[in-house]
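Naming follows writing order (A, B, C and D), and every chain is counted from residue 1.
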Amino acid sequence: MDPVLDMAAWIRHAAELVAADADRLTRLDAEIGDGDHGHNLNRGFTAAVAALPDSGPPGKILMAAGRAIVSKTGGASGPLYGTALRRAGKALGDAETVDAAALGAALRAALEGVQELGQAAAGDKTMVDALIPAVAAYDAAASDGIAAATRATAEAAAKGAEETIPLQARKGRASYLGPRSIGHEDPGASSTALILRALAEVAAS
Amino acid sequence: MDPVLDMAAWIRHAAELVAADADRLTRLDAEIGDGDHGHNLNRGFTAAVAALPDSGPPGKILMAAGRAIVSKTGGASGPLYGTALRRAGKALGDAETVDAAALGAALRAALEGVQELGQAAAGDKTMVDALIPAVAAYDAAASDGIAAATRATAEAAAKGAEETIPLQARKGRASYLGPRSIGHEDPGASSTALILRALAEVAAS
Amino acid sequence: MKKLINAPADVVPDALRGLAAAHPSLRVEVDDRIVVRADAPRQGKVGLVSGGGSGHEPLHGGFVGFGMLDAACPGEVFTSPVPDQIFAATAAVSGGQGVLHVVKNYTGDVLNFKMAAEMAEDEDVQVESVLVNDDVAVEDSTYTAGRRGTGATLFVEKIAGALAEAGAGLSEVAAAAREVNERSRSFGVALTACTVPAAGEPTFQLGEDEMELGIGIHGEPGRERTKLQSADEIVDASLSAIHTDMSLSGSEVLVLVNGMGGTPLIEQYVAYAAAARWLADHDVTVTRRLVGPFVTSLEMAGLMISVCRLTPELTQLWDAPVETPALRWGR
Amino acid sequence: MKKLINAPADVVPDALRGLAAAHPSLRVEVDDRIVVRADAPRQGKVGLVSGGGSGHEPLHGGFVGFGMLDAACPGEVFTSPVPDQIFAATAAVSGGQGVLHVVKNYTGDVLNFKMAAEMAEDEDVQVESVLVNDDVAVEDSTYTAGRRGTGATLFVEKIAGALAEAGAGLSEVAAAAREVNERSRSFGVALTACTVPAAGEPTFQLGEDEMELGIGIHGEPGRERTKLQSADEIVDASLSAIHTDMSLSGSEVLVLVNGMGGTPLIEQYVAYAAAARWLADHDVTVTRRLVGPFVTSLEMAGLMISVCRLTPELTQLWDAPVETPALRWGR
């Protein structure tokens, strides 16, 4: 039986990891962006933790976190991560718990939300390059249960983030650098890997 | 018999020494002023050389040089050196040549002009601290002829300039530093020594 | 990091408190992070709202007032404002004739303004958006997020602001704003980088003898790093890049020679002398001009040149009275 | 040395060509190094002339125009102008009612203006001079060249300019100028030094965590070198130094919070917030204020605060219309 996945715990743990890693994310963004990604995300996830309802279905928790991230992060990543969490929450509906299938649908909804809003495709050197392999990895491992599937998701996201290094950015601020964006990891892909690592660690505990 | 002292040669030689030493003078002025003394003087003496009449009595030559220095140097040193040379020139009057006594009177007139205009006294850490000992040294050695007297003058001026190092500036921009001006040579005193060295070298040649 | 600030996280709210104290004609909601004309909303007038990351001062808060913006939303430094701010500003200036959003073409600005516009529509406030993308340094816009919005934002805000002040309708004001954008091009050069207070170190490193060609206004690197050149050469490179993209010959233009924040005014005038000569040599007539640090990038040393090919109508709107902290003439 | 210039020796003439090209309301004689109102001389009006070393832009050339200066003489960078310039400017604005020289208290300025005034008297042009010495950083003025003239120069030029524009006589305009000077005090702090183009290296060195208290506007060192402090602490130190010298409590004041050239506007507003709070806490009512880089020191990062204790008459003259490149209101 899958462990009861606590969405609030995910958001809190993600916030911890982001806070600890904010400077690295900001340095990545300084290389090919404008040096604010870590701080933006830290501000957003801090607000998300504060906005977590005391109780309520996991779907509502993710939507509350998503709204807070939209209203506090700023920059490109705010609306994108906010929309991702709100779509994931919406996909979970009012269910009291999250089973493997539901989590998969939520992750896929998050990906769709990000691509719909940001219009980025695979290879554009954005967070989408971490999300696409992550969602695929989840689906492939879903039958092994949430813990295993989320671990595979996190690993795929981390791999995806690393694979943005040789890419030339075609979306977001980094795209202004053209070929000069090659050789640098995309900060949004890196933070997506971090947030999905948090999910895996919560699912495993 | 004293060599015929060529005032135009003095101005030209002074201009050469100032040009060669402009950066050092500017660095002195950067420590306790605003870092422009060498450039100001270089501009002034370049104009003075250009303004030298082809012929005419030594007095007129110094007055022409003085007027050019006033109209091209700028800063505090422009009016002071300009007035010094104009007063010296006036003291030489229309005489065709400069004898030892006349040169003494000219140097004294220069000192009076600077003190009248700038109101600086001995010990205020200005060019006056080089001029006062220089004029005194000239008077003491005048009887030994122009070459010897101007050499004594230059040495006294150099010594006077060095002796401004421990002084606290009470006039000019350096005075704003109060005690922080102690330990630095005054740029104007240093350039006075340089100009009087030029006189000695011309008198000796 | 040497800055005249308190805690890095307080730079934006502190600066807003200063803007409020210095300009009684503005209503500044520090917590909500919006700057509004004290006399807003003006019934029957199209409201003009813009905003973006802080660090470009006086853009945008310094352009709020008669004849220009009705409200501005400052985000954190170099970070787009959030939908809540933009919606609050939109509501505050809605006078029944709709609101125009002036949006610089950065993904963050576009997405946050888009979400705010949806919130406003939900409250029956009609919103039109104009995208400002005047920066020619970004050449190939099919494979990028599109050209950045930089110096021409000031042209758009002043000219659209004058038209709105004159009582024109939303679509007319939006059309004029788009026309100004389409007739404007910019190019920037950085001599130094700048430091986001929260980051504590420069966004990029430049050698003592290096400069960045085609920089944006978020301290991000530009098109190319080259050896430092003279003011005349830098102005030539900038105007040539603009001219190559949009021919200026034979036209009457408005020119902004803009210091990036750390470059002193004397150097901006040295650059303007070169710009005036270059334009005259290329058969371009400068009929309006502005020299100064209007669209900056914190303490970055550098220059951005923006040129707008004017029409008689746009000239008349540019000349219309304006009274904001940063621009004031005619009253 | 990273500057947006051509040859260091050409900075001043290049900048003057830029000023001329950017401001048709000015007549700029680049070779004579004077900036004159295009409509000068105005018969029957007292002429106002000031000047000093270049590098403080917009001071003084940026203050030439209606309601302020009639002419300005820019010397080389940080070097007083020469008598020839000052005399040429004086002659150009003499409208038969005499000319007021606004002279900042630096030995170079004082001596060169003195010689120019003598040249003018020889030509039967009556000249009065007002000495501006508002900088409290120089404490003991008996054993120094006296207090420096800094930010309050702007107050003097605006207020005396308004009175002259209103047709007042020379002695009345001179008296008002002296009154403004006596009621004004300034204090400056530098976070970085600056570099005179011809020198090629900074005038003084400051460590990453150091600042200079009581700096002047010629990049010269100040009263004391201390550890870098927060904006609030720096403003407190500056206003306390002013308040100690001239009590502000209970008075109505005009405040200038002035960036020194390299400090961005966002930081100047952070400082203004602190100044507004400090003044309120000390029972001082701010009735007029100005925030921006008006009296600079090339690219120096830092701040200067200038305060003038106003009277109703001085306030009215401050409010009077002005139209110059750097200050414009009321027309």
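Operating definition for what follows: a residue touches a chain if its C-beta (ideal position, glycine included) is under 8 Å from a C-beta of that chain, and two chains touch if they have at least 3 such contacts.
The structure presented is a predicted model; accordingly, all values stated were derived computationally and were not measured.
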item	value
Path length in steps (a step moves to a chain that is touched) from chain A to chain C	1
Distance between chain centroids, defined by C-alpha means - chain A, chain D (Å)	55
Centre-to-centre distance between chain D and chain B (centres being mean Cα positions), rounded to whole Å	32
Interchain centroid distance [CA atoms averaged], chain C/chain D, Å	29
Distance between the centres, which are taken as Cα means, of chain B and chain A, whole angstrom	75
For chain D, residues that touch 2 or more chains besides their own	77
Chain contact topology (line, ring, star, complete or other)	line
Chain-to-chain touches, reported pairwise for every pair that qualifies	A-C, B-D, C-D
Sites on chain A touched by chain C in the complex	26-27, 30-36, 39-40, 43, 70-80, 117-118, 168-173, 175-178, 180
For the chain C and chain A complex, residues of the former touching the latter	53, 75-84, 106-108, 111-112, 114-115, 137-140, 143-145, 148, 196, 198-199, 201, 203-204, 216, 218-223
Interface residues, chain D side, partner chain C - complex	2-7, 11, 14-19, 21-22, 54-55, 57-58, 62, 77, 191-192, 208, 211, 228, 230-232, 234, 257, 261-274, 276, 286, 289, 291, 293, 296, 298-299, 301-303, 325, 328-331
